[in-house]
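In the two complexes that follow, chain A is the common piece, with chain B as its partner first and chain C second.
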Partner chain A sequence: MNKAGTDIQIAICGSAGDGTIASGDIMKRAAALMGYNVIAFDVYPPEIRGFGKCISRIRISSQQAYSLKEQSDILISLNDSHTIPHVGEVRDFGAVIYDDHLVSTVAEGGHISAHINAAQVPYGFSIRQISEQATNSARSRNIVILGYVAGLYDLPNEHFRKIIEAKFAKKPQAVIDDNIKAFDAGVLVGQAVFKLDDVVVGKAGDEATGSKAVMMTGNGAVVRGFMEAEIQSYFGYPITPATSIMERLAVELPPAGGNFLQTEDEISAIAAAIGAGYTGSRAATATSGPGLALMAEMLGLGVMAEVPVVVVVSQRGGPSTGLPTKTEQSDLNLAVFGGSGDAQRIVLAPTNVEGCYRCAGMAFDIAEKYQTPVILLIDLYLSNRYETVVPSVEASFAPKPREPLKLEDHQPYKRFKFTESHISPRALPGEAGFMHTITGLEHNESGRPNDAIHMDMTIKRHEKLNTAVNYPGLNVHKRFGDEGPVDVGILGWGSTFGEILETMYEAQAEGIRCAAMKVVMLSPLPVEALKEFFADCREILVPELNYEGQFAGLVSAALGKPVTRLNRATGSPVVVKEILEEVRRLSVQSRAPLSAAE
Partner chain B sequence: MNERVEPVYLEEKLEEIRADGHMDFRSKSLPTWCPGCGYFSMAEGLTFALKQLGLDHKDVVVVSGIGCASRFPFFVSTYGFHTLHGRVLPVATGVKIGNDDLTVVAVGGDGDAFAIGGGHIPHAARRNVNMTYLVFDNGIYGLTKGQTSPTSALGFKTSSSPYENGDVPLNPLMMLLSYGASWVGQAYAGHKQHLADMITEAMSHQGFSFLRVLSPCVTFDKTDNTYGNLNMLVRELPEDHDNSNLMAAMGQAMQTDHPAIGVYYQEKRATLHQAMQATANRAGGSE
Partner chain C sequence: MSDPIHHVIIGSGSAGFGAATTLRQTDADCRITMITMDGLPFYHRYDLPQVFRGQHDWRELLDEPPSYYDEMGIQLRRRSRVVDVDGSKQLVTLAHQENVAYDNLLVCAGGRGYLPENLTEYAGLMHGLGSFEAAMRLYRDLPKGGTAIIIGGDMIGIDLALTLLDTGYNVTLIANAQTFWPHEVSDDERAQLFKALTAKGVTVFQDHRPVGVSRDDKNKSACCVMLEDGTEVAGDAVLSFCGLTSSVEFMLKAEVDIERGLLVTPELQTSNKTIWAAGDVCQIWHDQEKAYKFYHGWKHVRIMGELAARNMSGAHEIFYTDVEDRIGVDANGQINSTFWTH
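Right after this comes the complex of A and B.
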């Protein structure tokens, strides 16, 4: 991509309890306030406090960015033993900021200064001492370093102060004052230092989002979409990384007149959502892979009894309890196929924070139209990462008023009537004259148990989803990059697509004819669009964050064509460099047999 | 299951029965239970109660799990939701939360309730969801043709306990009393009118009402919960039983050798809906 303007990445690394994530939070919010595009992602250990490693990475850019960079421009250490393994991720002529105060207890080689490469620029200063001088406590080290960065790179201080004041607004005034003191002390030290690295922080630039932008996480965007769609009932059970959706709705739903209930488990959460959905209430739940496994049977009931319900699934490393605080894309098979029987449901996998907002906003409409469960499949990397988003003004997710069925048109009323669209007229409990029973048993048009009709009903439940891939206002797929035949097409889904786009732009810059396509609707698959993409690409590469290549398998099976897989199950986002190497290899391979034939 | 064709010769008989009005709440489907099953009494009892309470068909939702008792929604003319094994309470809770104007009746058997669904009961009870939970307890899995259930007696022989059941049975009344159910009662399928009155009373209660109905499985249990045995053992709660006294209720519930029928316990307290409204008020909502 175009590297003009500002495009820097800051990594702050410390131990749980050092305030690392809080420090990163202030950094990214201040940057967004300055008008930069921000993408930020925190990595933290499952332990709340102790010795686990925390890293907050913030990319600040004057242009649209799609993912984090694999190399940071600035690395700040709040804990040397945790930070030393990350020194290598700082680019040449980038900065490493650390505490150079002599600590007698540090073992030989335990100090970060011994690990900084010759091409990197070390900035050591007495972080702890300055913190103690400013606030009589070492606890404000994480704020001192922010001041240091602001001073060193001449960032507008007022934005930091504003964010610090807002962050500690509920604390006593002394806490706010101390943090401002710590920040100002850091600024003074930073300003006094000769800048030796080549990190440039320019203006936010023309393409920057300015004050219209809102910074939110994927989970925050889901909540915003839900609220704009006027969600009425939410049922949840705590599970990382979906919990923040529940916590936010616990705050926002009651004053908005909605129903919020923390249930006894995930089974009850989806069961209650289906119960509420049955009455016409816009109902949702959110969970992660282990919770989805428990919900699988209920999803089948939703499909069979044709009840709308929305389920957000934020994937983490699996199987079993797996890696609760690390990302992975390995619940695709469970989301698309999980449960007993032929039970096709709608699965949407947004690729960025804005997509989370849009998909969540439209999920209820889709679930109600097709009378079936809709799964919003995201992952920890998308749930927790911050992006600056400009909420589209034209989007309106508010429900249209329901038009009740007319009794004279439905004599006798058949809840599961066969129709041309395969979608049946739906009456709600409380509506006079339409009394019926729905069931998880196979049933006839009236809803009575019936085995003989199974084939016809199975066809109905599948065929009714056919038009979903053309759902108005929803980009269920999108192509980027070079038009027409290309050497390499990168096909992706979910959070990985940011890295895929960055890779594609880099490959194009190298002269490789390259395109990328994201698939947002994983079930039903937009097969026609995929066929066109496959026809245009000599080689297809599918990078994803799992070992088995679940999306590659899904697409291969649907199109009957092989793809090249790039699978990473490391708990971390996929790396642009690795995808790029594969694109280069495939581009050479794509031309070799062709030139031989010529 | 195949569609049942209604035998024509029933029509005349049905005409007579329709005259009393309770038939209004029956659907066109005939119950699939075995002749003599205690569940016929509950069907009669519930339709009696619905009529007695003057409820409109459209405002009633009968939610059930899986099992013989759970077939019930198909046999009433209200709205119905036949869900999954063990999940009747969370679904019914969702229905009630989704539309508080509906009268919700949850129905299930002992396996559905106390085995697979056991984890949900404490939470529906403590939340005081304003609905009625009818558990038809025959101490056996009937729909799967006679296996031991959590309320089967010690020493009971079934196809899954061919060498006698060695597990101590649960005491459902003690469970519900300690879970915080705000209305706990017991009835017996052999005393039909009492059962019908108890269902009416349970449904009149504001909050979570739990009614256990002792009910023989005439097909798979020829030894324990038979009409003959239950007729001998079942007694009424003492006339001076104070059903606002939780300790007294527990004392009665522990006398399992001679199960008593009647209202063990009832209390008035905020329902889930009221609690959620209070939350909304604290949150500064308009409701």
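Right after this comes the complex of A and C.
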């Protein structure tokens, strides 16, 4: 956080089936309703069934926050064996809340209280017992703990009740009543406890804004952007962490008059989407790295045949099946370069949930304007991350009416005509007088196979994308922090940029002249903007979540300049502390006098 | 390589804390686990009246910062209540159903405030001063300039009474046999001490047995203590300071000798060779008097904790004390007690 105010992070940890994620969901939505800015991220096990670990982390701030914090202020355990490894993530004088009434005897160290250090504040109470007393069932433990937190930290109860009622609205009234009873019982216990930690929950930013704020995940924002852009066709095959896009569209798209089809695999999905795109339908698919690998060949067809289509790629740990429920940014090379031939396409990488909404909303326009596939490259951390977003009233992603094509006198229609902008007039199949051929073979202006013109056509397909970096209304890059020359510039993309921004503010607070730049358009790269940024920075640091430093490599190759890489492939988001340490080191290095030899 | 010896200490007061520190100093490799019901690391209970002088951050009260426990390798288990000790299996059972095995056990559980039997049903209407939280609740509930009614008035209660007077509150003392405990005072000394208290502004009721406590449900700070003669003493908070009673219930299955406290040898060892005791929880065999005796006051308690730790590490030292036990009123009318010297 760069400004004073409420800024706490709550982590709820339990086993699959404990209601951990549901509990975190209510907490984050209630906090948003109170007017706080919320960023949240859930981690759940790869197993579909079983008792794997679930963690919901929720950062609640009265000011804008950009990432989750490294340390939580409050940790709540619904399952000690899963939570014990995370006790060390609680800051000094923060709180650890747990059940002090186990159902069976455990050996020494089996209870979480054995792992709480002397600087952390333990709060034990009979979570199970309170749940059973309130509802005759232990199933409401996850709601009891919410009440306890609300009571202990004096949070307004009515917001929680409202969210609980909404969450269980489709259930019988008795379920709603029981959950409210469990919440109220937790409140009473929490209110009776003397608070010993130093966690302060101050006033929210603006409750009026809170009532307008929408809590969305990155995937949810993509769907919202798609729907506002009036997507017409979606074809998909489920894969973590992109599946929720498909699930939401399966519910929302058909009633809106769109086509939804779950295909037999990813190849079919992209083929169908390209087919729909060819007909003029706003078409999309979503997948993850392994799915993108399968789609690579068909994407080449989209490039060659100049068909607009939108492909969302939510990255996870790879290669192969890899780490299905862990995050990584290692599909950048595949997204930018994957496939055969010189197949440049547009790749957009939003850095936060609002960015997902805006990029998804504009992706169809961009794909249609440049007549090419657009890849929306996000990752699990952004797909599943919740943020409060106040929808922009001025944003409109609806398609603009197509201007009818005019045939030039006595000229046959040339679908791939060479033009000054390198963008050809695009007719949809079936338009009278505009009959044409498209093919995956190299072709002439009319679309007929022709290999003699390959060089010219390759230039056309590349050059037409040159103006994309100036696409109106889309921040394809943005600089933050100190103006003019700085000691350290941090360059970032995708979900990592939140941590980069937090780092930059911390570095500035330490007196380091620092700036940060996010690059949203990875292909084509905004080279001129990057050159200006490089010129201002003595040292450039590129943190990213892959081992190879794929973005660093991309930028270095484009600018011919070296950068310092900070590569992490741990399956978890990069941590501010690590970036900050590197910024400090580079800051000192940037001020060191050059040696005589240099 | 064998496992290091595991010392478990029940209690984190002066005795327990002193013992833990001494154990570490005598054995760098042993495991030390300190189990306490308190929510905080060690602080001196006699500092609690300082909350009325503005000391509201518990971190300022600590004897050592929290990092000390990590540095010393002392595992501090807070909010953990011992419900049972199995002396033969050498197992401590905690209320949340965790078993902790030990090689040596030191019981420093201290005591809880004694409440005259006829007042036990009113315990829920009274405040306490047994922990930082209790002190803060009293501070929160007692209106500024309000009146605290103190039943008994042992030396912790008298200390609180004097602090309250100094900080703008009123104090009513309903004296009984435990007033000035653990000092044993003569009738003359008692009269002189009451005179000094009265001069400072304390309203003293002598020889009046309290029989009940009431509190206005609507105005929780409106309290009343009913005396045996029908007198009703009004105030804003009621506290009982009638000395301590040892906390030994969890030791009933430990196969150790218990009277009012745990009975220990002059080396502070119980009848079970792996269990030791120190502080207000134990009665030490006095060879000359041929009786087991309590030794109260933090100085005694600290000495006992450190002695027990040395003996647990192989020494054979015998408890000895030359700590003064004196209370009096000086020329300026100030009450002085060796109990308060720290």
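The definition used in the following text is that the second predicted complex is superposed on the first by the 579 of 598 C-alpha atoms of A that agree within 3 Å, B and C clash if a C-alpha of one lies under 4 Å from a C-alpha of the other, contacts with A are read in each partner's own complex, and residues count from 1 in each chain.
Definition applied: a contact is a pair of C-beta atoms (placed from the backbone, for glycine too) under 8 Å apart; a residue touches a chain by one contact, two chains touch by 3 or more.
All of these numbers come straight from a predicted model, not from anything done at the bench.
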item	value
Partners on chain A (chain B, chain C) - clash or fit	fit
Partner chain(s) touched by A:439 [first = chain B, second = chain C, both, neither]	first
Contacts of A:459 with chain B and chain C, given as first, second, both or neither	neither
Degrees between the directions from chain A toward chain B and toward chain C, using C-alpha centres, nearest 10	140
Partner chain(s) touched by A:101 [first = chain B, second = chain C, both, neither]	second
Superposition-derived comparison: chain B or chain C, residues of chain A touched	B
Which superposed partner A:449 touches (first chain B, second chain C, both, neither)	first
A:277 touches, of chain B and chain C: first, second, both or neither?	first
CA minimum distance (chain B, chain C), superposed complexes, angstrom	52
Footprint overlap on chain A, comparing chain B with chain C	none
Chain C - residues contacting chain A, complex	39-41, 58-59, 66-70, 75-80, 93-101, 132-133, 136-137
Contact set on chain A toward chain B in their complex	232-233, 235, 251, 254-257, 259-261, 263-265, 267-269, 271-281, 283, 297-298, 301, 305, 428-441, 444, 448-452
In the complex, chain B residues that touch chain A	1-3, 27, 29, 56-59, 61-63, 66, 73-74, 77-84, 87, 89-99, 101-102, 119-120, 122-123, 272, 276, 279-280, 282-287
Contact footprint of chain C on chain A as seen in their complex	92-93, 99-108, 110-111, 113-114, 116-119, 121-124, 194, 196
